[in-house]
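Multiple structures are listed underneath, in structure tokens.
Two complexes, one shared chain (chain A), two partners (chain B, chain C).
Moving on to the complex of A and B:
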């Protein structure tokens, strides 16, 4: 159970103390990779809450999304079109959707936990 | 249990990647922000630059002014130098002229001619033929002046072009001062030239000897003459 928490802490520490320098034009890739990772993370969390979590889908989605976003951005840079905006937009919308669903589920759970005798209807 | 562990390990890696990406990009963006210059900073830099340029321009102007002033100073100094040279020359001339005029004493190489009355006067001869007269002194003085003496004195009294010499019985008056025999005529100049001028055959010394006057010529390394003694010249 504590392994993921340790993982994120270790990742943060590694990121803060790594001295890798990347060129300016790769900042787009970084931002899109972060967005993709966050999107997949929240997607997985939502799936877990909806009891439809599948590890293979989650893991493959995580890496595949990152790769796809990065390659889109790469293509965009070389075509002269800001294609990374597409990925940004798609991931952004999905991120908000996922978070909205998670919020609703959590609220529903909290409500049902507080009033077990009351019947909830607004879902 | 085993499956749960495996999924946790998977999650661990994913979380590691997510954490790394987020913190790395956070740190990187922060670094980039430090590098980037905000518009306010740009403005500030621009203002500072403008100030600096203005300052440099003023500096340049002042520098030019300084150069001009220095040039002026140099010119003035040059002029001053010339003036000083002029003054120096004038002072030298004045010094020389003063020596000629006799306002100051003079020192130099020269000769001394001593004229003495004859010590032996034969019986029945006129004594006047055996004493020094002013004409003898004139002869010597003129010869000395002609030969290039720069200063002549009789018994220490400087002689000038408007001096007078009077025979006054046993004494000779020079510019109002009376001097008895022997008369020492000192002259400053080239001692060699002066003695030879006096010694010319049939010259002054021969004439004096013919007139029974004892003449003694001495070369001297240093002859001192005091300043002008009498004030009768001013009359």
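Moving on to the complex of A and C:
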């Protein structure tokens, strides 16, 4: 399960050395896209832990959420309403929920693991 | 057959790589520039002034070209407009005779060679270049040295111990330098107030500035200007 971590590190290194610089006025879009991506990542991980993971849903969700968030921010800029807050809020709340669920699942797994271990040692 | 777990890890890794790439790019984009801006208020003010001046100049240029374009459109024959432009450019490049007000500088030896007991050195190219730069900074318009017009591509250098301007020797004194300016009076007092005379005195040379003259004639540049590293613009839209 270390592959995703290696992936993220590889991505960061690629990004740092790629010499791509987003102009200041677009860095808002990228940050909101990053938030959307983060939300999708945690959502996918949760789904995997809950055994309801579907690859198509995950991959399409990743790109679709990024596009949606960026276009919402874009629309907001043109309407003069801070619509990117909508995306921030939605993704922020979902992020916390997902992480909470992941935490519970992990704790439950850990507890059950410890219990079975205890039971085994009792015999 | 790939196991579902490995399939998941593989997809997830690709997605996390993309995510990491986004993070890296974002980090690079928002990071502070390496060089800190350490200009103080006066330097900032000066820079601002310089930029404003540049802006004014650019606006003037835009206006000029706009006017030119309008004239070209208005003119029935584009030939005349082209000829006018050609004349204007020639005048700008220094290929025409120019009349106007200005001052005449004369360079002579400060002391006789008999008095010094050694031959008088020819004027050094560095000193001449310094003079030209200095008077240019005093808003000189056109310069000629011993009747040789100084243009943008003029070369002043030492060839075998003789200072030459565009290949013409400057080894006899006095050397006469004619300078045109919009305000000859101002140019005169600026040259007089500068350290140029002292610089010339160091090389045992005397720089005399004539009183501002109303009618000075500066000859055209006689040789052809060679341009090696220039090509006409392909896109006609950008030419305007």
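In this section, the second predicted complex is superposed on the first by the 110 of 123 C-alpha atoms of A that agree within 3 Å, B and C clash if a C-alpha of one lies under 4 Å from a C-alpha of the other, contacts with A are read in each partner's own complex, and residues count from 1 in each chain.
Throughout what follows, a contact is a pair of C-beta atoms (placed from the backbone, for glycine too) under 8 Å apart; a residue touches a chain by one contact, two chains touch by 3 or more.
Bear in mind that the values here come from a model prediction, so they are computed numbers and not experimental data.
Once the two complexes are laid over each other on the shared chain, residue contacts for A:38 go to chain B and to chain C alike. For chain A, the partner with contacts to more residues, out of chain B and chain C, is C. In the superposed model, A:3 lies in contact with both chain B and chain C. In the superposition on chain A, A:90 contacts neither chain B nor chain C.
Contacts of A:101 after superposition: neither chain B nor chain C is touched. Of the two partner chains placed by superposition, only chain C is touched by A:48; chain B is not.
Judged by the touch definition given at the top, the superposed model places A:16 against both chain B and chain C. In the superposed model, A:57 makes contact with neither chain B nor chain C.
Note: residues 1, 3-16, 18, 20, 22, 24, 27, 30-31, 33-34, 37-38, 41, 55, 58-59, 62 of chain A belong to the chain B contact set and to the chain C contact set alike, using the contact criterion stated above. The residues of chain C lying in touch with chain A in their complex are 7-30.
Touching chain C in their complex are the following residues of chain A: 1, 3-16, 18-24, 27, 30-31, 33-34, 37-38, 40-41, 44-45, 48, 53, 55, 58-59, 62.
Contact residues of chain A toward chain B in the complex are 1, 3-16, 18, 20, 22, 24, 27, 30-31, 33-34, 37-38, 41, 55, 58-59, 62.
On the chain B side of its complex with chain A, the touching residues are 7-29, 32.
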